[in-house]
């Protein structure tokens, strides 16, 4: 099953022309940061040191919220945990190189552990983004309460002060914060543009499709939150050393929301926007808020509401969005490896019953599917066809009866696990990633086979020949670098089908793949399906209304009517049966 | 004044990127029952929804007694005497029959008067007003849906697959009710149907829809069953 | 960065030059006093009074010829009543405005955030707020009270009135806990008994469970030490509404809040180093001068703003004694000088802290505070033995 | 006995504070982060009313009026464009809350205001003196809950709101003006929140940020209750009891985070909370 690619495809060079420009910009900034203390006064150095630490926090919020769609108010908690871990060690254990090392390690590990816990709480199958947001509110509140209750150990409301810090001096803290910011921003910039970065955006844009591509969305979210918790903790370590104080407010929800403001105003999903937003607002605030704090906060509040309403992309949205001119990746063919045509059932469904309360959707369904079979499911509206496909592909649906796929009972397995067993599902309404290009969508479909790299983009995509056929026949192979949002309905349907095929599933579930397609497109999809099943030994279950189409491509037809499987047999037999005629002309009744 | 009441011309609409209706043209005349048939996914329900203003029109026009009604909200159409019995999730399952009926009353109409109309066709509903709609059997639910549409005494009635999944005796009652409404009040009725027997039994004319367009229409007579079946069949 | 400075809208309040006499001809560059204070956030209620007190002192000093013949001016910056805001405010004052001294009343978190910056910038710092004690820095002097000074008067009074079983209620923060910890030790030392000690988070406003515990604990006196403002008011309101009528000492209420609470505050015992009702010529002059300068805008002086007023004078005395504004000289002179102000004679002579005269007051039905007793020269105890 | 009264009145208080948020979340499916600001606005209505010499009781209807009007403006200007961007709706309403707090501060100052209480003193409950105002709150909460049920079940508005909650498409198909239902719901939620603000004044001080401390508890309670009034009442009772018990027997500090933490864990383990189905 695992088609590990032996000859690794050519990796795209990281630094394209536009990348080179940015690298130069990065070097320039680096020089500015290193030389800054020579011409900046102490005030500016001190304020900017903190602003730059804040900017890193804003980038973590951007990665979570802007790129992955997790609106979090709780990054402050991890920042606070890191800062307090540092201050507590240095206060109660003392200074010395060893203790600084210990503080550094703990300031990363503790927030990561906390973040992992928060991640576990926030992300589970069918958890909602709203729920994750609310949890992210609770975390800083509980943490700051704990700090308050810590008495003289944590310094309570007064915070901790007077502990030994790394004696670097203001100028070097400025340089350290600057270098850290540039490194982190650069790293974040590379990652969000890498293949792995596409996974984050996939989760933000269409978590369901991502899960049905086998991407373990919750796991990715938890890992991301954990890693960024560690980064936040590291920022806390820097802060505790540079600022020489920790206070409960840095772990609080107010600070967490401030980061959202920086990110929103600077421009979510742009890395540099939030960083500049944080520096700009914190630095301007230092200049302005001293004398008119309420007016300053009022201005920020109004600006924030206006931005959310009218400029969701923030100030970064004012810049013209550069059309991604990445060269189209090359497509490579995976060797066809016909599935062994075993006599054993690939899928077997026994006694399936699905009800919502008193409303029974499916009842008493028995079905076996063998490799190489293409089964069409027909039946009038409301017969339960789509529900049937959902039950086959999501083991967490509450059902009665058993569904086994490749010998494994799928009960309790979320879609990504069922996908791992060899199911590919194509939705009724084409489900693709709107903000991506055709090539990016295809590469995501291969994510479970070729682990997406964090550092760059693969320049080639390995696809099975059937997927390539679909692309070639529809002309999608000429549009690899084009954004999905510009594709026609038929093209999207074909793209989704190609994505599903690219996953090399053993059983493909298709929900009305031809709805709204032209005659030519239908024929094309029919050809592909025939080839997949008859030549390559895939199995497929197809929901279809167009009986002419069904007749052309199926070997077997299953008729669902009012939640029951009323017929299962060879095409000719079923099509010509009185039962089907009567169901379709409305004469059949229980 | 012509007898054309609801005129649909080259209507296009759909969801997302997809045009489900692709230039459908159809006319509902005064006092007639017109059966619109076609297989699943061909755009029949979308046609009704578009006319009712539940889906925005993308092209073509709809007019009521010569007045264009494109883009009018459902509330406006209901006020003009257009009644609608939807197919998908047509009832508030967790509300009582009474509340389900009340929700369809607009403005100054009171429930008592409306219930008299319900009583004419389906008196059993009046005895069970406090029962939750979700606890009714499939056929009873259909009768409730129809009662709700008839209750406001519409001049034009759009009905979506009312016969779906119910037993013949209930189909018969519905047929009787629709015919009675037409006889007594001269209502024009458009029924979207997959049940050939019911459709041809109740209607004066039929039309067949395929891939978002009306492909054939005719008067209901002895020959129409074969003609329509040919369009629908396999 | 000169440009930055001129762009800043910082509140640089030049002193009222109209009334200024001719300053000595030598060095006429102004001495700048930095006042980082909570214009926003929790302290914003009391901050205006603190700023007024500073302005009054500076006006008076300038009218009398300044310090060492140099005029005095104030730079105020908002610390947002917290650590992050204080960092900004102190950075601005110390490094951008290059003030000669920082004199202010702030939250403990803000003070702690400021100390490293004051030390880094090598400025003298007078903290004019009462606080929970034991904050030490070579650069910092304190002229407000600490628990060792505030608690004994109320506890002595309650014990004298026959109370044996004490219940302590506080907000969960450094001051609340610090005050009640000392109270507990002190009461037990004096033979009283603690029957309960409960804390609610600073932003908590529902005291129901604590009050029920208080009721069932069989206490015959209650001592509270909440955060100022909201928690204090909610606690008092809910305590009164629940019908609890045992003697009630409040370590955190100021006169203004007591007055605003009206009848609910009646009978509350308070202990302070300053009360408006102090009957001395210095206090009367102080009140009159405030009234004259600010008129209807005048904020009632309190136990936080009056020490601020005196702190400016203590700084003046130290500079004059040292003969310069150089930090090391001023820091050496500060413990040796004293000033007789509204609170009486104050000198920060004890480990950077000040022995003070403490007053026991009782809130009257009309919200005014009557001075019941005074305790002269109460020692702050061992605050910073290393200094 | 005191414990039971504490639990009942705490639950009542939680219910009163969450009710406005609940109405908005139940129908509109958005979390109104400006909720704390509505509470504050209600309390300041009392301040203004009593300063004008009106009885504090009059501030109850006044707050409903002010809350309703501001709610209408908010719905039209800020919330309406964001129904399809629910996370952005959170942010926009939160920003609005910040703006309102600053405007109140600039208008009234940071100082605490202390309007006269509605009811003072205690009454004896089975020999135990108990705060009359807390008992009054209990009555107020019960009245509020009954009014909810009555409005939902007996009035056309309530029926329309239920229809929108259950099946918005059908509601529209039946000619219900769903955007008006949303508007009225938001107004109602804001009005109830402002009313709750008035009811809070005798227990707390009135200052610009007074609402914040009630916010998180209210969020969590509404999250676990979904769209059912009964569920909300039940949640307030359960978590109110937990809060009182933890506060009384363990620590009031733990008690203060009890509601939030228990709700969060409950939602993790049983995502539907107290809502049925």
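Should a chain be cited, it is by its letter among A, B, C and D, assigned in written order, with residues numbered from 1 in that chain.
Just so we're on the same page, a contact is a pair of C-beta atoms (placed from the backbone, for glycine too) under 8 Å apart; a residue touches a chain by one contact, two chains touch by 3 or more.
As the structure is a prediction and not an experimental result, all values here were calculated from the model.
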Next item on the list: Using the touch rule from the top, point out the two chains with the most contacting C-beta pairs.
Entry: A-C
Notebook entry, point to check: What chain sits nearest the middle when you go by CA atom centres?
Noted result: D
Next item on the list: Tell me which chain's centre, taken as the mean of its C-alpha atoms, is farthest from chain A.
Entry: C
Check: Where the CA atoms of chain A average out and where those of chain B average out, how many Å apart are those spots?
Finding: 43
Notebook entry, point to check: chain A to chain D: how many Å between their CA centres?
Noted result: 35
Notebook entry, point to check: How many angstrom lie between the CA centroids of chain A and chain C, rounded to a whole number?
Noted result: 53
Margin query: Using the touch definition from the top, which residues of chain D touch two or more other chains?
Written below: 105, 253, 256
Checklist line | Residue list for chain C, restricted to those that touch at least two other chains | finding: 40, 172, 199, 201
Next item on the list: State which pairs of chains touch, listing all of them.
Entry: A-B, A-C, A-D, B-D, C-D
Note to self: List the residues on chain C that touch chain D in their complex, please.
What the structure shows: 40, 44-45, 172, 198-201, 203-206, 208-210, 212-213, 215-216, 229-230, 233-234, 237-238, 240-243, 257, 260-262
Margin query: For a test of understanding, state which residues of chain A touch chain B in their complex under the given definition.
Written below: 357-359, 380-382, 429-430, 488-489, 492, 512, 515-516, 545-548, 551, 562, 575, 580-581, 584-587, 589-590
Next item on the list: Quick one: which bits of chain A touch chain C in the complex? Just the residue numbers, please.
Entry: 40-44, 46-47, 50, 145, 148-149, 151, 155-162, 170, 243-250, 255, 285-294, 297
Margin query: Per the contact definition, I'd like the list of chain A residues that touch chain D in the complex.
Written below: 69, 71, 121, 124, 126-127, 129-131, 133-135, 137-138, 141-142, 145, 148-149, 257, 260, 264, 294-295, 297-298, 300-302, 304-305, 308-309, 312, 357
Check: Taking the complex as given, what residues does chain B use to touch chain A?
Finding: 14-20, 39-42, 87, 134-135, 161, 163-168, 193-199, 229, 232-234
